[in-house]
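Some structures to go through are shown next.
Common to both upcoming complexes is chain A, partnered first by chain B, then by chain C.
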Partner chain A sequence: MLFEQVLFFVAAAGAIAGALGVVMIQNPFYSVLALVGHLVALALLFLLLRAEFLAAAQLVVYAGAVMVLYVFVVAYIGGADEPLSPEGGAIARLGPLFALALLLELTIAVGGSELAALESAPGTAAPGFGSPAQIGALLLSKFLIPFEAASFLLLVAAVGAVVLARRRRGLEEAGAEGATQVAREVREPAEPATVAGASGEAR
Partner chain B sequence: MSLIAQVQAPTVDFRGLSPLIALVVGANVVLLAGLLRGAGVQRVLVPLLAAVTLIVAGALSVAIWETGDVEPLVQSALAMDTLTLSMSLLFYLAGLATIALSLRSSAVGEAGAGEYYTLLLASISGMVVLAAAENLITLFVGLELLSIPLYVLCGSAVRERASLESGLKYLVIGSVGSATVLYGLALIYGATGQTDLGRIAAAIGEQVEVGDPLLLTGIALTASGLAFKASVAPFHQWTPDVYQGAPTPITAFMAVATKTAAFAVFLRLFDAALSTNQVEWGPALAALALATILIGNVGAIGQRSLKRLLAWSGVAQAGYLLAGVVVGTRLGLQATAFYLATYLVMNMAAFAVVIASERVSERGDDISSVEGLGARSPVLAWPLTIAMLGLAGFPATAGFMGKFYLIDAAVDGQYAWLGVTIVVGSMISLVYYLRVVAAMWMAPDAPPLAGPVRRMSPASGGSPEADPRAQPETVAVALVCAALTIAIGIFPSPLFDLAVQVGTSISGI
Partner chain C sequence: MTLPLAAVGVVENALVQVVKSLIIFAVVLQIVPLILLLERKLLGRFQARIGPNRVGKFGLLQPLADVVKLASKEQSTPATAVPWMMALAPVISIVTAVATLAIIPFGDVHNDPLFGAQWGLYGVDVSIGVLYAFAFGALAFYGLMLGGWASGSKYSFLGSMRSAAQLISYEIALGLSLLGVVMMAGSLSLTEIVRAQGAAGDGIWYVVPQFVGFVIFLIAGFAETNRPPFDLPEAEAEIVSGYNTEFGGMRFGSFFMAEYINMIVISGIAVAAFLGGWHGPGPAILDPLWVVLKMFLFIVLFIWIRATLPRLRYDQLMSFGWKILLPLATVNVLVTAILVVVI
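Presenting the complex of A and B:
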């Protein structure tokens, strides 16, 4: 019991520290690593709630696969060279105030529930609660429609990603056109001998 | 093993699900048809298939409506009641109009016809799921299925900076809205221990106190998140920028269908599941409605871009609609459903004219592009005039009947001051609606622009023909919607009867 309580506070503190790290660390690479820490702490919390399958899925899918993808992207576009600096402005300065107001509201709300759950005995979970079999059964019965809708959503998201990211012949042509135009501009004043090199470079 | 043996397959009522199945199948067929080569396929077959999908889904919805209510579907994940069916029909109509308006839009070519119309159909299916959601999980999945295709569609004119900016802005703000909704739903679940809307309604007052802080915070966060989607002030700041940057057919679709979906879920969640808490959320939403009406109408006054003007006007209209939710009565539900239908035809007429005129004008959607339109092409000027008068709430238009109904509901629900606010808001709105009308009929034809002529933007579609006959489908949408605006204004009773049937969908109010 005591061990569980200690573990809870360690995991909760870790989750909050990780979340703060994501927004406060300037270097995007460390920001992603803080997110990994946050997700691992969340998995621990799931474990304390007897949701072993969810905890494992959280570790494998989020902390594992998705975050590796994030790290790849950050490494690929070299985000580490450009620290994220928040832009100044009246609204940017007001932002923390609103965040603080929301935090106060939520604290009052959670405090208002008198944290009754902390004092009470741990809830009685039915045997097999949170097991893969039970989650699977729920997905195929009670939550069949949301499950199917979510799978359709993934298809749609893939289509959307293709729409935004696919190569466009027109755009490349526009780019090439621009390049030839530059070459032409260079060509007119310049000596023929240097043009070949210039236009070749522009291309 | 024993557990697996216990699992009962849920009964799936395919009749009730048929509109959704038609939409999803249609979306996939459209996606595959888009892979075929040939200009005829891209320009004719794909939009035709998308339109057929919507018509089939609409016919199935009407058939379900005719044969009476179906029980909640698949262990109360969805409810195909009259509220869902009526809102679905509005989505299908908005979708059909959007397809017609998109036919010459360059955004279709940029995104690929198959992908563009698939995303449109997916967004509509998300709206149907959202409007039908009887369960917090279904509700959230529906919200995402609605939003994600729209983020992409907003940015689908990738050659235009404004479109990309619009898509990104909508993605960021929409995600914040979705996250807020999710947080709120989690707190409601935490307080009540239920995800079914019916059981939440039963639990409030029994297992959980009405004034439970966790429940109230959950309601507040859910309302804020939905207010993002419905562009209710003070969560409206994204609206003008996103509406202006998005391809105009998508703007029209968002202005009409997304708002309808957001209000459908407002009605179901607040008037059905959380009706016990009406004393708490009623005044809060009423304050939001007051702020929205004033901010939207005042914000619209200084706008020169017609799309921005319609965006601000949409904010104000969201305030009027919220008044029908606030009262939490059957009359309010009927009035909101009625106003959503009139809002659809009036806005579609206005956007159709804006699209037709921005395609041929070098001034884009600036208000000067419609100067002298009354003399140039009255076939476009009349629909926009009717739409503007309707949105302002002139008698003998649909907008007048809708506002009348909403004010009646507000007064009946002890919110008379909100009814007065609607009237005051409509008076302010005359300033900018009539400015557009005056520009069309009283201003001389705009002189050609001095200096370098704006290059015809890719969003303008084909060549700059100055003849409205060159785009008959756009003019047809404008004329049909304008005719409906007048028809509903003069003979409102058929739509009233439908609205009364919608009012029976939520019991206990």
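Presenting the complex of A and C:
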């Protein structure tokens, strides 16, 4: 029990510190790393809530796939000598104001609910709670329509990304077929012999 | 109250869990130098050499000499590096590698004559099973990435970038290749998967019905562990060892050890998912022996492939992963799903 409490406070502090780091650190690379730390701390909180599948999904999808791309791109083009935003500007001045308004609103909303659950004893999770089998059954029965809608949305996004990437590729003349966008980014320009497009032109 | 991840299957004494994790960690830590020696010996034979034979009898003490050499070396930090991150990166690598060891099953649940309780011959039997391995596999990327980025060297950076693209590309195929097995066994847990391959379940090792999945898993597993022919992140000839160029002493040693532990983990998952885990002739007491023996076969395969195949080119690596492995794995999952429902 004590161990769980210690774990909770470590994870909660980590999540808050990570979230603060994302918005306050000037260097984009460290900012992205702070986001990774935040997501890992969230996964730990999910674990404490017995949502093991969610915790794993959080790590695999967000920390593992989404953030890898973020880190990838930022490490490439986000130099440490380029701060994220120029100084001043109306948005920079208005930003804290809106943040404060949001904080007040949330505080009122949460305080208004009286947080009844805080007073009650912690509930016990049923056996199999949060297991992949249970979540799968729920997704295919109770939440079938939202699940399908979300997957359709993702499909649209994926197709849209491909279409946009295609359009940009049309501007270049070399139809470097084969390699994915990632591979195209990574290829070293110093080795023309290895580039599929260049070798295709030579032939 | 049980701790997170430990609340599934057989509930064990906390002390038993601590002892188990210590034993697994200690044994694997001793095995890594032995694999290193095996690799050097076998590579020597494959290349018509003798291999290390100066330190101790048959070169048996060579790993000990290597470890002492690594441990006593100086940690150097380039002027352009980020020192604290260079210290952190090997830690991430080794922690994620060791953590994944916990789910590899070495035997079934046994009754304990000493404490009068039940315990299983594995670290933890988590309900999310193989997803646990993928979660830590996803985090393992940051060890390589931060290592390469923090070194402040172009070659290291290129190596870590390669590892990023490679990991994203092959992790999908790796996950999909295991999905067929998961569907046949009806569980994500590796122990349940092994049980389903025994007499109580389907009674057949999944390498037979899931042969395509097995091959995809092996290839993607090679890519995930950065072993040849997929060792582009550390290609010595082009980018002088990639992400670990600037690391010295035990920091390099940690990266090195993490790679071999990852090899053991991939072998362990392959044994449990495809080769029937602890099943084999003989009494139940031989179970862990069978697992270790089968894992040994995979390790030798890893080394054999290293001596046999040349390194892939980068665009070959990418198009192979996305255009061949991924569609193949998807079709495999689709066919398995139809067969599981129909039969």
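Keep this in mind: the second predicted complex is superposed on the first by the 146 of 203 C-alpha atoms of A that agree within 3 Å, B and C clash if a C-alpha of one lies under 4 Å from a C-alpha of the other, contacts with A are read in each partner's own complex, and residues count from 1 in each chain.
FYI, contacts are C-beta pairs under 8 Å (C-beta built on N, C-alpha and C of every residue); 3 or more make two chains touch, one makes a residue touch a chain.
Keep in mind the model is a prediction, meaning the values are calculated, not measured.
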| item | value |
| --- | --- |
| Which of chain B and chain C A:Leu153 touches, first, second, both or neither | first |
| Contacts of A:Val163 with chain B and chain C, given as first, second, both or neither | first |
| Contacts of A:Ser141 with chain B and chain C, given as first, second, both or neither | first |
| Which superposed partner A:Val32 touches (first chain B, second chain C, both, neither) | neither |
| Partner chain in contact with A:Ala109 - chain B first, chain C second, else both or neither | first |
| Touching partner for A:Leu42 - first (chain B), second (chain C), both, neither | neither |
| First (chain B), second (chain C), both or neither touched by A:Ala56 | second |
| Footprint overlap on chain A, comparing chain B with chain C | 128, 131 |
| Of chain B, residues touching chain A in the complex | 3-4, 6-10, 12, 24, 27, 31, 73-75, 77-78, 110-112, 115-116, 118-119, 122, 125-126, 129, 135, 137-138, 141-142, 144-145, 148-149, 151-152, 155-156, 158-159, 167, 187, 191, 212-214, 216-217, 220 |
| Residue numbers on chain C that touch chain A, as the complex places them | 1, 3-5, 7-8, 126-128, 131-132, 134-139, 141-142, 145-146, 149, 157-158, 160-162, 164-165, 167-169, 171, 188, 313-315, 318-319, 322-323 |
| Partner chain B, residues of chain A touching it in the complex | 105-106, 108-113, 128, 131, 133-134, 137, 140-146, 149-150, 152-153, 156-157, 159-160, 162-164, 168, 170-171, 174 |
| Touching residues (chain side chain A, partner chain C) in the complex | 1, 3-4, 29, 33, 36, 40, 43, 47-48, 50, 52-53, 55-57, 59-60, 63-65, 68-69, 71-72, 75-76, 128, 130-132, 178-180, 182-183, 186-188, 194-196 |
